[in-house]
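Below are two complexes that have chain A in common, paired first with chain B and then with chain C.
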Partner chain A sequence: MKRQQLVLRKSKRFNVFLLVTVILCLVPQLGVGTYILRILILSLVFLIATSAWCLISGYAGQINLAPTMFFGLGVYSSALVARHLGLSPWLGLLIGPLLAASFALIIGFPLFRLHGAYFALATLAVGEILYYVMVNGVWFSGGTVGLQIPFTPKVLFVDFNDIYSQYYFILVLAFLSTYILYRIAMSRLGYYFMAIRDDEDTAMSMGINVLKYKEVAFCLSGFFTGLAGAFYSNFLLYVEPSMAFGITPALTIVIMGILGGADAILGAWISAPLLTFIMEGLRLLFGAAGAYDLFTLGILIILIILVIPRGLIRLVTAAKI
Partner chain B sequence: MSLLFETLIAGVMTGGLYGVIAVGLALIFGVMRVINFAHGDFVMVAMYVTYFLHLWFKIDPLLVIFVPIAVVAAIAFVVEGFILRLSRARGVFVLGGKELTGLMILVGISMLLENGAQIVWSPNYRSLVLPWSSNVISIWSAKIPLPYVIAFIISILTTILFYVFMTKTDLGRAIRATVINREAASLMGVDTDKINLIAWLIASAMAGVAGVVMATLFYIYPTVGLVFTLKAFIITILGGMGSAIGAFFGALLLGIVESVGAVYIAVGYKEAIGYIIFLIVLLLKPSGLFGRFRV
Partner chain C sequence: MGILEVKSVTKSFGGLKALSDVTFDVKQGELLGVIGPNGSGKTTLFNVITGYYRPEKGSIWFNGENIVGLKPFQIAKKGIARTFQIVRPLSSLSVFDNVLTASLLRESNMHRARERASEILKYVGLSDKREARPSELTIADRRKLEVARALAIEPRLLLLDETLAGLLPSEIDLTLKLIKSIQANGITIIMVEHVMRAIMSACEKVIVLDHGEMIAMGTPVEIARDKKVVAAYLGAEYQLA
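So, the complex of A and B:
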């Protein structure tokens, strides 16, 4: 493709990103209830995790089936900081990402010895091991019962007492995270990632240190996913193993990534709110216990992959606006 | 000593059953390079069908073992014959290529089956109680529940049948040829599309067999399939992906490790031990413990 066309298409994606952000900024001014805002906050949390997933899986081509390994570490770091150190759980926003990134660095060395489907399965195993550690480590994690997080509204100069401040906080967080990830993906680093994805051997022969850049992508992905997780538990004020390390959040992130377009970081700005609202609507329609939402999600995944496997963002940018 | 012996026997017996599940997964991966995320859910469906057959008609499930097998095979036929084939025919893939595309479709199928089961049959735990459920057989000094013995015999028979089919029949040879080299097999006149379907039917039939036997041993609930899927993943890595017989030995190993770990380390960490072994094997020998051995 000609470079000019490429740049134009990228800029179109960026416009979509800005447009959605502006809409999301205006939503609280429309006088919507707290319920809608809560859903939007949840979708923004998953949006950050999804964009981070796209970096490692969409750009660097290493399919991470358990992004929850980072997400869960973020989720638990907030709770554990509050529980065992007696500090403000908001400190998790600092510790969570760093913990997740260092975990990514360490676990990356063994994991990146594997390729393709083997790598994907191994990530799943890592996620499951962490899950069982949290289930069984009752003395520090509370086991399946989970942990409550004390509500601490005041952090430095911000007061999180009302939902609007929480909403704008996560919106800013999501905007900055995706913007940083987007810039990384557009930079030289991003081209290294794509080279590795498209042909590892060729990338290596061009002088790209494959292991190093996979690690970089993995750490960056871990950092932002951990950030999302740390906010998640601060928002819900409660943690337990299956919401942090379970298979459902893991698949939600992966599906959002594919729905938006795995190789488009900004695709999450369409897919995350859309999917969250669809799921929430189904829960409203059929009741939370009925599993209708996940059933419909299953149908949706199959349809998406059969009809638009390259993601929604391409449909939007292909349209003449 | 008797405890260790009983633990080992129990491990081998559940391992044999895991083996029947994992062999199917390995077969599908070998033929199509697609990881069947819904494999455990096939087992789950077979478990439910077995349960309801017994509930409604009061027949011993082992006598009508073909009904659950047929139901699961029918699902597999739809999955491979229509959905996966359609996605291949469209030729547009999710990033990461065919592997990820197939995997994600199967994730969708898995969610459909799991949550469909939850909607239709409720998330309650059920258990199948048969007249011979509580019988015990004494082997040496160990007391083994009869259902475990029957489970083991059936899984051994199924595996032997599978082995003979793969090594002695033309169709089996064609499948093995496809596993080894798809293009070459296709050039030699093997209809690889048909082989895909046959592999799916065989794998799902084995999942069906495992489901019938599992129903007599385990609680039956909608999400039970995920447990089996994840175990089958571990086993196929242990045995080497694409190596079906390797998968069977990997399963025995996992069964033993799990039951020994549950008794001597902690029951709660039983599952985690399996995953840790899985990671260790992946790191030291990614081609599997029995990597060179392909059937």
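So, the complex of A and C:
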């Protein structure tokens, strides 16, 4: 009986995912303006990064406070490929994820010597280091001024003069990425990640190579976060350090993760659009200068942890529909 | 030749010798009891065998292979499973998922691993609590879960660390039955235990540790008569009883 309820709850989650996808597919047909579509595109970028964050932090329990270390590498790889190699910035969609995953593998070795809060603090430090590398490496990164990305009107079948084309492209990317991450979380890998999160000694007694599976989770998380970053800069057509490695995108991803439910990959399909619209609305109301959006972000963290520590997705799936 | 041979193993913490020059062996299919006062090195012995601690001296042979220096997960893969004295379930997972996760070591097919986990839960008598959280279980059931999780990795040698401690007499009888049935299935068992009644009735051979030293080895009856063991652990009353 209880087993059936559990399966039902999980399939409900999947239904939420499908429902939101269908709604997002239909949105452009409703005649909404370019402005709304741009916001939705941004929310889908962060949705991918958030799902990837949930894998390492929600499932494997290794709290990464700077998912921007991967996001930023994706962001910059598009620009650097175009500026220094003269190739299409869209190659960033391939190079960004691979670069971020390789970085995860390498940086994982020193980071995973640390546990709990020490690991979390160290991730923050890695994010900061990369930020200052970009700020100071003016000769290749353009420093705080950043780099422009040359506009490529058409790649394969996607026409970038057309916002609808861009929108559907990122929607497909987000759908595939989260679906893959969701399947991973439901597989043997997902169970191994949760075992490591709950008790490393017990995990080892089950024959689980703890370091190896932490690395696997970190690399997978890095790959998809890098993908999100690579699309982000191709969409905005410029890069600079704070949009890539700054504290705001880092916090945005972490909060979207907790808001949706850190141990529910699909939670991001509720939290990412919701939070993006809330923050965008606040910027409209108060202007970007006062940083009221960040102020709200801070208040939201406290409220979420107090009221719905396990995330919105559980509120939705617990409701009798 | 035994399935497990421990040869002059020494492990110290700072100046304290938790195990000093311990040597014994266990034969295939045997049920070996380990007794001794608190702090005598029983749990340390388990931690050394399963790779959580590395001994300074000595060697440990499992199936003719020296396993000293291997990591705990490698030793688990070789076929040594353990339970923890203070139970350590995966607390956010259900009872079923705890066992399922362990089953995935030998069976990577999710469907078959689920079937395997169900069988094991039925075997230890936890079928009706499969969707419960470990924190909702009674002490006896938590111990059963530890055993179930250990069995799920399909071990050849099972180390039970005080599986009977704190149980009611009726629960002790049930759990002892379970342990004997595991042994009957061909799994070699080493059990650390304070419940002497269980040791006397279940084990073929017993070793006694005191301050990290092995002071006696023999059948339960021999052990109960050993003057050193009576002085260090059992107490004079035991002889009278």
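FYI, the second predicted complex is superposed on the first by the 317 of 321 C-alpha atoms of A that agree within 3 Å, B and C clash if a C-alpha of one lies under 4 Å from a C-alpha of the other, contacts with A are read in each partner's own complex, and residues count from 1 in each chain.
The rule is simple: a residue touches a chain if its C-beta (ideal position, glycine included) is under 8 Å from a C-beta of that chain, and two chains touch if they have at least 3 such contacts.
Remember, predicted model here, so these are calculated numbers, not experimental data.
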Which chain, chain B or chain C, ends up touching more residues of chain A in the combined arrangement? B
For A:201, select first, second, both or neither according to whether it touches chain B, chain C, the two together, or no partner. second
Using the superposition on chain A described above, determine whether A:141 touches chain B (first), chain C (second), both, or neither. neither
Quick check for you: in the superposed arrangement, does A:294 touch first (chain B), second (chain C), both or neither? first
I'd like to know which partner A:187 touches here: chain B for first, chain C for second, both or neither. second
In the superposed arrangement, does A:43 touch chain B (first), chain C (second), both or neither? neither
Kindly classify A:121 by the partners it touches after superposition: chain B alone (first), chain C alone (second), both, or neither? first
Intersected contact list for chain A, partners chain B and chain C 197, 263
Please output the residues of chain A touching chain B within their complex, sorted ascending. 57-58, 61, 63, 110, 113-114, 116-118, 120-122, 124-126, 128-129, 132-133, 135-136, 197, 247, 251, 254-255, 258, 262-263, 289-292, 294-295, 297-302, 305-306, 309-310
What residues on chain C touch chain A, complex-wise? 50, 52, 71-73, 76-77, 81-82, 84, 88-94, 96-97, 100-102, 104-105, 108, 110, 113, 130-131, 149-150, 152-153
Given the complex, residues on chain A that touch chain C span 2-3, 6, 187-188, 191-192, 194-195, 197-199, 201-210, 263
Okay, in this complex, where on chain B does chain A touch? 29, 33, 35, 83, 86-87, 90, 92-96, 99-101, 103-105, 107-112, 114-116, 118-119, 123, 222, 226, 230, 233-234, 237, 241, 266, 268-269, 271-272, 275-276, 278-279, 282-283, 286
